[in-house]
Each structure stands twice: as C-alpha cells, then as structure tokens.
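All chains are identified by letter, namely A, B, C and D, in their written order; residue positions are counted from 1 within each chain.
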C-alpha cells in the first residue's frame, strides 16, 4: 500500500518528544439502565500529545461521538462515564466541579460537534456565536469582541468576515458554517481541538477546504482529535489513527502503519470500502436505441423571494439498455429535480421525456400508470420511502400487486426477491424501522426489482449509508445490472462512486450539464474547471 | 420509566377505567338516587351516609357526581369523536381536493379559528338552544377547526411523503394510495390529539353548563352542579367543591394519559 | 314582613354628606322606567331620580306628591290633578301640567316600546288635558280605578319633557338621560357596572312620609350591579357596599350578624306562581290540574329552598296587597292519594315502563319551559318535578331562549308558566285572569282562562272606587283561581336587604322597594 | 413584501367577511321572531308597534336583500343597533372594551411571565421532585375551568381572608384575582409548550456546542434555548386569543366585572343579534390582528423566516 502524494504533503511531522496532553485510560460510557442499557464505549485508552493529530475512525454507532463528548464532560443526560484515568495536561478531569468544567470547556478544549449545519444557534448572529467563548472566558472586553471575531473568521478563511459576522447561520453555506464553528471553537485558544465528523455534511469540494483548514490549525501547536467514519478523510491529516468498533479500539498506530498494514480484519474492510481506488475496467459502450431520452428539459420553481429558480435547464440525455449513466453535481445542482421529471412526478416546463420509444412526460397519470412497471426507482433515503406502518412483506407485496401478481403468489415472489438482494424470509415480518441501513436499502432495491423494470433510476442510493455498507450495496447493484441487463441512471454527488459503477457520466452545475462523456475520459481529462475541482476533492491517499 | 412512574401510570389508567365505568354504570358505585329530592336531609355535610354531603334538595352529592360522569364524558368524548370525524372529512377533502377546494376549506377553517371556541359554541347554542346534545354539538364545532387543520397538515405531509411517491412510481392507483397509505398515516397522530382533546372538551362543556346552557335539570351535570352550588359555598362548600374536583380529576387524567399515549405511539417514524 | 318603622331612626339628627354604595342585582337592558320591563332595579334607581304625581305609603295609602291634590271625575273615567308650582326638573325646566301630558303621551306612544309602564294605563288611556298650567286632567275610555296607584310608581314618574324630546332613543341608556325632579340627579351610567347619582340640593317636594321628605342626606349614591350572589354579599361584608340586595342563601349570615342590619319586606302584587294552561290537554281537565297541585308537597320545598326567608303562598295575590284573601291559607293539603284518585278518574290509568301514567298509549306529560332562572327557582322546579313523578306525571322542564319564550307564550304552547309580578295594586289580577289579557294581547293570562264571571269581578274591581267592593271582587277571583286549580301559588317573594350598621333612615315603599331619600350615614 | 402584505390583507378581509356572514346566518337561524325579541313582552300591547318594528328593521324583506343591506351597512362601519338597549352596537361594545382589554392584557403578561419562569427553571432538569411538582401544578392549573378557579379564589382570598376586593374594576387590587383566574390555566399550557420547546432546544447540537464553549447552564437557557422555546409558544397565539376571550366571559361572569364577556352573554341570552354580530366581528378582527402580530414576532425572533 502506498501513501498518496497528498498525504505526504499534509501529515504533520511527528513530534515524539512533546508531552502528553490528553491521557485517557479505561474510558467507559453507558447510556440508560437495565435492559435498555447501551454500553457505548468500553474501556478505551487514548493518548494525544501536544501538536499531534489523533484520528478516531469507525462505522456509525461505534462510540466515537460518545467518547468525544465524555472528554468534555458533556456525554449527555443519562450517560454514565467512568475512567481509570482522564487527565488533561496533568489535571484530573474526573474531579472537576461544574464551575471548573466551565473554565475548561472552550478555554482548554475546543469542540466542533458533528452536525455542523445545526451546531450554530440559528436564531443568533454568527458573530455572536463566535464571540461567545471569548466573552465567557473573558479573553477580550465586549467592545473588542467584534474585532477579534473578524480576525478569527479571517483566519479560518471566511471571506468578507464583517458581513458574515452580521449574518445568521442559515445565510451561510455549509462550508462557511463549519468554518465559523471552528473559529468559535478556537476563539479562546484551547490546547486541544476535538472535531467530530467535521466534514460529513459537506460537499466534497468544501470538505477538502475544511480539512486543509484543520491542518493549518495544527501548525499553531494545537493538538487535534479528529473523528470520522471515513478513512480516506483522516488519512490526509492524522499522525496516528485509532479504529473503533462497538465501543472498543480494535487497532491503533501511526497512520501509515494502520493504512499500509492493517492487522485487524475490520480495519481492512474499512480500507476496502473506500471506493475508486481501483477503477473497474471499462465495459464496451452500449449500443442500440435509447430506452430513455430527455430532450432540452427545463424546470423552474418559484423561490420564496418571488423570483424563479431554474432547477433544471436545458438538460438532455439518452440511456441505452445495459448502460449505466451517472449524473453528478453538488448539492442543489438539480439532480433530484431531473429524477422527478424522469419519473413523471413533476412535469417539465419545456422539453420532453420519452420512455421506451414513446412519449412519457406530459401524459395524464392513468396513461402512464401501466408503463410504470418498466421504470424502477431507488430513493436516496429508503426509510422514508416506506410507509412506516408496513412490514417488509407488505412493502414488496404492494409493488407486486401493482403489476397484478395475485395475492396468493406474492409471498413466494417476495421471498424470491429478498433472496436476490441477500435477505431472507426472516425479514418478511420486520418493519423498516427495525432494519439496518443496508438492509433497508436492499429492501428498497428488492421493491424496485419487483416490477421487473427495464430501467432503474437510483437517486443517491448510497449517500445515507456507511462506507462499508455503501460498498456492499454498490456491488449488489452492479451485479444485478450485469445479471438482468438493466439500464441504470445513477444520481449522486459522489464522483468516486460514479467512477466505480458508471459507463458514462453527466456533470451538472446550477441546473445545467457542464460536461459529459465516458467515465474514463471525464476522470482522466476533465475539460471544465468545475469538474476538475470536483475530482481534486475526492479524498484519497 | 421508573417504577414509581409506571405505578402512577397504572393507577391513572385504573382511575380512568373507574370513571368510564361510572359513566356507563353509575349503579355500581352508588345506590342512592341522583335526582330524587329528599328535603328532610338538605345540606348535610359529608358523613358516612353521604360521603360528599347533600345538596339543597337533600340529594346525595356523591351519587350526583357519580351519575354526572356520564354527562361529562359524553360531552367530552362525544364532542371529540364528532369533531375528529368531521375534521377528518374536511381535512382530507382539503388535502386532496386540490387548489380551489383546499383554499376554500382552509379559508373556512381560518374563519372558524378566528372565532374563539366558546363564542362558536355560544353561537351554536343560540341557534339550537340548550341541552346535552346541543352542548355536545357546540363543543364539537368549537374544537373542529383545530383538529381539521392538524389533519389537513398531516394529510399534506403524508401526500408529499416519499412513500406515497414511491407507491405512485410503482403504478399504484390513487384510490388505493389514499386508502392504504394516506388515511391510516394521517389518523395515527389523532389518537393523542383526541385524548388530550377530551379534557378540553370536558371543560368547555362544563363552562357552557355553568352558563346555564347545559343539560336540562335535574341532570347531575358537573358544570351545572358547580354553577348552582357556588352560591352555597359559604354554608355548604361540599355542594360545589366535589363536582369541581371531579372535573379537574377527569381533565388531569385524560391529559396525562393522552401524553402517555403520545410517548408510546407518537411519531412512530421518528 | 309588612310595614315596619324605618330603621335606624331616632338616634340623633341625620348627618349630611358621604357617599353610599348600593349593591344591586343586575343592570337591566333598559334603565328608563317608562320603557323597561317591570324590574326592581329600574324601579329602585328610578325612584331616586323621578317623582310621581302621588305617593303610596307602605300600607298602600295614597298621599300627595307632585300633585297637591286630585279628584276622580267623570264616574271614574277622569282624574283631575292639581300640581305643585314650586317644582323644577334637574335640567332647570319647570314642572307643570304640560310636563304631565308630555310624559303620559310619551309612554303610550308605540315608538317608546314601553314594556311595562304603558300597560299601567290598562289600555284605556285616552289622553291628558292641560286644564291650566298647574292642573292636568287624565282621561280614560272606561272607569279605571287602578290608575292612582299606577301614578304612584316610578314607571309613571314624571321626567323632564325637554329631556324626553331631546334624548329620544337614548333614554334606555339611563344615567344622565333620565332627568326627573327627584332627590337625586343621575350623573352617569356605566353599563353592567354602576349608576352614579348625586344629591339634588333643591329637593323640597317629597311626600310627607317618613324618610321621604327630602332633600337627601348623602352626597352621592352609587348603585353597583353585581349579579353574582356571592360577590354581592362579599361586597357588603368587605365594606365595598353599604347596602346590598341579599340572596336568600345569605340572609341567615347577615341577619344574625350585629354588624349589619337586615331588612325584609314582602313584595306585593302577584306571588311567584305556576299557571296551568287550561286551554290544552292535559290541563284542560280540572281534575288533572287539581291532581297536579295536590301532588306537590310545597311547604318543605319553599322552606328548604328559600331557607325559610320566603313564605309559602296560598293565593295568587301576595298578602302584602290590598284585597288579599287570607281565608285561602291552609285551604288545601298535600294529598297524593287524592291526586291518584283524580287521575284515575280522569282516565290516566295506564302506566308505562318509566312509571308514568298513560291514557290511550300517551304518557301524561306536562311541559314547563322557562327562561334562565335562579338556582333556587331551579331547585323548586326540580322538587316539584320529583313530587309529581310520584303520582305518575312527567314534568318536562326546558330552558329556552328569549325568542322561543315569546313564541311559546303567545301561542300557548306550554302547560306550565311561572310568573311573579310586583305591584301594590290588586288589579294585577286583571292581567292574569281577564279573558282579554292573553299574552298575545300583552297580558299575563298564562293560564288562558276565559270565564265571564271572573271577567265581571275583575271589571268591577277596576271600575269601583269603593275599597270594600273592590276587595270583595278581587277576593272572589282569588278563591275561584285556587278552587278551579288554574294556579299553583308558590312563594311570597320578599325584598331582602342587608345594610351596614352605619346606614340609617332606610325605608321601603309600597312595593317593598328601598327608598333612599332619607338615608344617611352615621359615623 | 408588498405582495405578501396585500395577500395578508386579502385573507384578513375574507375572514371578516366570513365572520359577518356567519353572524348574519346565525341571525336567521335563531328560532323565534326577531320582532318578539326586540319588543319583549310588549310585542302586541299596541297594534302597529310590531308592524312598525318589522318595517323599521326590514325583517320582512327577502333574506338576500337583508344580507346585502347588512353588508352595506358594515362597509360604512355601521354595526347596527342593539335590540335590547336600542343603542348603536359600536357604543355598546366600545363602552365595555376597556375593562376586557385591561383584564386580558394583564392576564397575558402574567401568563407569559409565569410560563417563561417555570419553563426556564424546569426545562431539561431531570430531578423528579421539582419537575414533577411544577408539571403537576401546571396540569392542575390547566384542568381548572375558569369559573371554578375563580369561584375558589374568591372564596378563599376575598371572602375568607379579605385580601382582595370581591368585585368591580376599580383599582389594581380588584384586578388581581380575575387576572390570576384567567392567566393560570393559560400559563399551565404555555409553560408546558415552552418547556417542551426548551427541552428540544437544549437537546440540539447548538446547545451542546454552547456548553462546550464553557457557557453556564442558565446562560445556555437564557441566551439560546429561551428564544427557541418562544417559537412554539407564539404558534399558540390563535389558541391563546380564543382562550382569553372564552376565559374573559367566565371571569367577568364570576367576578361580576363589566366587559365584553358580560355583553356577549347578555346578548346571547337575550338574542340581541346585532350585538352578537358585533362581538363576532370584533373577535375576528382581534384574531386577524393578533395573528399578524405573531407573524411579525415570529419573523423578529426567527431570522430564517425573513426574506434575504
């Protein structure tokens, strides 16, 4: 395993001589009591030196956030935290009273929470939020606060800090919000910065910027505890990596060592899940008449201000049997709107969708209904695409019913479908809420296949999933495609995913197609600066 | 939930069951008549024979409170059921009738919401006259617009939900979608809304009775009993206090248990 | 009851000054005595502001007031009043014969929409003649003896003709729009809250009766409307009011308390009674009516519900009225066995599942609609309902609204109607029993009796100027009404007033209503 | 912006027009002859009076004509004349508006204060004692019908202890008990709503973030959570107005206070339809105004709702 050039550039110099700043031993976090007890963190040990960056990685629910919150004494109501040792710079955090904790938080440990988009009080100005630690810890006088806030915002690379400080969080993009949060966490100059999933909510391009920013922070001598479920993300930053699973640290060590020679099987599965490291060999281009064509589609929405947003502008595409077409673009590019137009859930303002050689858009719903069985769809968020009261059996049974399968034949057909996606009859009686994310997505796929469609439209089918689960679902999809000869339209914001499954790709920005072509061509020789930026932002090592 | 809370909850349900039982079969709790005057024993304070004392006509207040449960729960429960039934039809009509129908219904609801519930109820009584059934109708109309709005909003949410879209994409027919997905998912939150609504409606009904618009005498309706008994508060506090407590107890019970239901069944998609 | 000596007199000379708050039941919708219904509130407030031609003392005797003297002329068809010449209205207008004419003409004019005062003319008013500046002659189409008593009421009190003309339709608002010659001048009326009066220092023409001569002693008199009984009593006991109309529930507390003085006066007129509708089944059958009445055990009901404050009534006419027939007292007994016998005899022999009597498959049901009532009136109703149920009569009580009230009353769609009527004049009986006094014609003949003999008695009573003859005529009517079971007299209502010890000189008029001219406040 | 305001105005006018129509319909559904209502017992004392009244009020015209005439009068601001008092409805209502406004305003202030205090002090606290006690009290408060609470307060504080005057609208002390009667049940619900809102806000990442900055608990509540708790409370404004009105009817009746509640009851009991209509219209206006205000307040508190 080789380290990519980016990680060489970014990884800080190891400073073994630095004293230990954070020393944790036997940290245990439990929630609830009795039968409902959740043992979230099980006796883990951590050590962070001054100026060092330690990354904790692990899948969702492995206890990363619980660990981080325990470190600032905010594990939450109902949490019971114990530790054999919990020292910050020689001071025993376990013994702190509420007042001393207050002096520690913000001042000695800065904290950037998961959920950057909602971690700023939406009702207060950004400047006030950033200034809060300054004022609480009396770092500056109230008069001097605005000036300091501006400096801080400028430091984290917020353009036009004066304006931004006066705005409210909702007026800032996700990246700016995350920067403001980091500025706020750093405001009182803490020794340790804990960043819990600082990039999950962000577009790839912005994600790269934030990681760069955190890297720059480290050069000010601040220690960094970085938490993520994405190995590729932390690979660029961390000196050392600790891999968590089910509340325990299964493996830890210097970054290169863990990535290069993972000892634990779980670590290896995480590494394997990182997509696009080895693009599959290109498949022969599909021929034949397109089954789905869109011509010069336009769709606008009335925005609150009274103006119109052109969500989709002049988009054309053609999809042939057996082909997979990727549609990429950052949030708001118009991908979902395009999907809705194709599905006939919205009517285009101009342009036309043709399906199986016949008109599709502009028809009355009853005319489309009998043909819908040929167009399957997998939604971004499988859970909300299931009636919360339906069992798996009813969910799939409804689809079977829609193509006229008689009631008595539905159950065997359902089991059949479940088996195709790697589930079994034991899942029939489950309600979707009780299934894991991967299982839900499989049920969604099974439902889409129930009508034996010729075209499968996938709107962000994996973005809600964990990396490891994501990889399994993608494998399943490509396998099905190859087996059933489906044409797939694959919508995502994740270029790495596209690289793995698509034949051709369409890059969208602000409702327009900016670039399109075979995957290989677009990835190796992007013509547009926007595509280049997207590609550069793909985390890899 | 702690053991104490579980115990309290069990006790609450038990009390409600007792109350319901009293409403349908008051005879199980008392064999004293509720309406038969016995002037020789007027205004007796509470004692072993008359647990809640007697009123100015010598009627046993305990027996009257027990017999009154039926009226209050009939008005409270009946009004809620009626309001929810009406609100469901109206709410679904608005959510599925499309633009003009929706606008008309929403406009109508806005209008009704603009009139305080009591005023609406009073208007109904103005037209229909006093009486148990009319109070029920009045209270139901008073709470209908609120319910209808919730139902319409919920129906809209459900209608726009991804699972309804998913069903459409599968080619499921409109009627089937409405019946299979929309109606059940719209009505689910009503369980909670309904229970807490019973409390409000009991109070509203009692208020109308207090204003002299309730069931006809000598029906032992709690609001009327408080209303009549309050003049005697000096001499015979028990005549008004016990029915007053009965109202409070009922309202507290249904409210608490409604919230309990909310915790148990509310927001299943959460 | 009856007329007692004015309380609190005799301890030193009256002191002038101070203000008095009188907590009274309710503000009626119309405060103009000439237009409002027969109401204690209007009469009490009106009495303080307007004077009448004659004054009736607590014994029912008539005395000069704004009229120095009077003469019955034209065989009872005319009344010649010689008026005082020294009287001025509060607005400065002098009082004269033209004012009398203006008032009486105003009252009977349809636009005035008079709900009570106009009826005091018995429908026989033909006009008022200004004989000279200080002599007025009021004429009637028939001999009309009740007029003099009517002329003593505040409802026929004389208001400033200038105000009548000027304020027109505002008169109902009361307050400064009511301009009289009385001991107090109205200052303002805050609807649902209070009426403020101030002393009329020029008042020198009060009737020569104890506590009514004037001028008034207190500077300011405020009537507070407190319909809520407990609140009204609370106002008295907490010192926010010096005088309060007491609910029967509180009489015991106040009368036994040395800090207060309790006054009680039986109200004259028509006792609180139930009239049985003789014009439709089942009460068209005298036997059923009698059975109904005998089934009611009234003594404990009245005593219990009214806490012994109101007496049980035996006659439709109150004992406080001239012509009351005391022989009716104890004339019948509670006798359910007799009721059963009478009902069997009337053919109501079946019984249905609920235990009520039936005839030809129809249940013996009587309807008693009522307008919103006091808690006590309700209790009486419920007790009667329970009593008659014992003999198998279903009594349905139904609370109704004003619109329905008049509809039912006018069209006779009821079996029982409850009325009480305060007026110190036996001719009230004409309103109740004259065949022409049907509700639709503006009368109170709710029993809907039509009997030539009764009509004759009543006409005689109204026409005769001989008191003994009148008494005899009216007693015959009372006896007839009780014997024929057209009425079930319930209670003799009373004015019940509590006053703080410092209030002196409170007297009551013939109607049992408080007169506040002579009231003063001791230190 | 202008379009928004125009839209609001249009819907306000629609609500008022609807309210007017509802009242007019009520007038025509009411059983009994309006002339009887108007004349009381004097309906037939003198022939001609009835006919005169019918002609005067146009009761004999076709319903549509009456409706249009009624709307026409409304447009000129004429609410008609009270049947009972024969005064302009505007006067009747105007005279009584003051005491009701005074009562509802003070009750609003008290309810909001009490609710804010209890919500701020008890939100997020796990200690069962304090929280159980306050939510128990809240429950009790909201379970008390206004007439019953008022009667009890009167009996205890006025009759027994003599701390407050029993009645009237004179002075501040006379306002205490009615205000409490009206405010407490409202405060009960408001406190619960606010506490739920506050609980929700305190569980939000931004609240945890604020704590992680070293903010004390009270500061987190006051600076961050309180505003969030206000939002659901404002949503209750429509309910609030309705409750204030309904409560005022009861309170004014129990405490024998003058005010619109009494006027309404009298008018409804006496079938004084013009006054009822006036009250209906007034409450519709109040609702429209209050919802406009709460809309505004919403925007002030929540910047996300302001157009960029």
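Operating definition for what follows: a contact is a pair of C-beta atoms (placed from the backbone, for glycine too) under 8 Å apart; a residue touches a chain by one contact, two chains touch by 3 or more.
Only a predicted model underlies this, so the values are computations on that prediction, with no experimental measurement involved.
Novice: Taking each chain's centre as the average of its Cα atoms, which is closest to the average over all protein Cα atoms shown?
Specialist: Centroid comparison flags D as closest.
Novice: Most remote chain relative to chain D, going by C-alpha centroids?
Specialist: Result for the farthest chain: A.
Novice: Between chain C and chain D, what is the separation of their C-alpha centroids in Å?
Specialist: 39
Novice: So how far apart, in whole Å, are chain A and chain B when each is placed at the average of its C-alpha atoms?
Specialist: Whole-Å distance between the two chain centres: 47.
Novice: With centres defined as the mean C-alpha position, give me the chain B-chain C separation in Å.
Specialist: 44
Novice: If you average the CA atoms of chain A and of chain C, how far apart do the two points sit, in angstrom?
Specialist: The separation of the two C-alpha centroids amounts to 87 Å.
Novice: Going through chain D residue by residue, note those that touch at least 2 other chains and give them in order.
Specialist: In chain D, residues 30-31, 151, 155, 159, 253, 271 touch at least two other chains, as defined above.
Novice: What are the residue numbers in chain A that touch two or more other chains?
Specialist: None at all.
Novice: Residue numbers in chain B touching 2 or more other chains?
Specialist: Counting only residues that touch two or more other chains, chain B contributes 126, 129, 227, 230, 233-234.
Novice: How about chain A: which of its residues touch chain B in the complex?
Specialist: Within the complex, chain A touches chain B at residues 343, 345, 365, 368-373, 375-377, 379, 381, 383-389, 398-399, 401-403, 433, 447, 450-451.
Novice: Across the complex, what residues on chain B touch chain D?
Specialist: Per the touch definition, chain B meets chain D at residues 2, 4, 107-108, 110-111, 113-119, 122-123, 125-127, 129, 146, 199, 203-204, 206-207, 210-211, 223, 226-227, 230, 233-234, 237, 240, 244, 247-249, 251-252, 255-256.
Novice: Can you list the chain B residues touching chain A in their complex?
Specialist: For chain B paired with chain A, touching residues are 161-163, 165-174, 180-181, 184-185, 188, 268-269.
Novice: Give every residue of chain B touching chain C within the complex, in rising order.
Specialist: Within the complex, chain B touches chain C at residues 35-37, 39-40, 42, 56-58, 126, 129-130, 212-213, 216-218, 227-228, 230-235.
Novice: Taking the touch rule as given, give the residues of chain D at its contact with chain A in the complex, in rising order.
Specialist: 3, 124, 126, 204-217, 219, 223-224, 227-228, 301-304, 307-308
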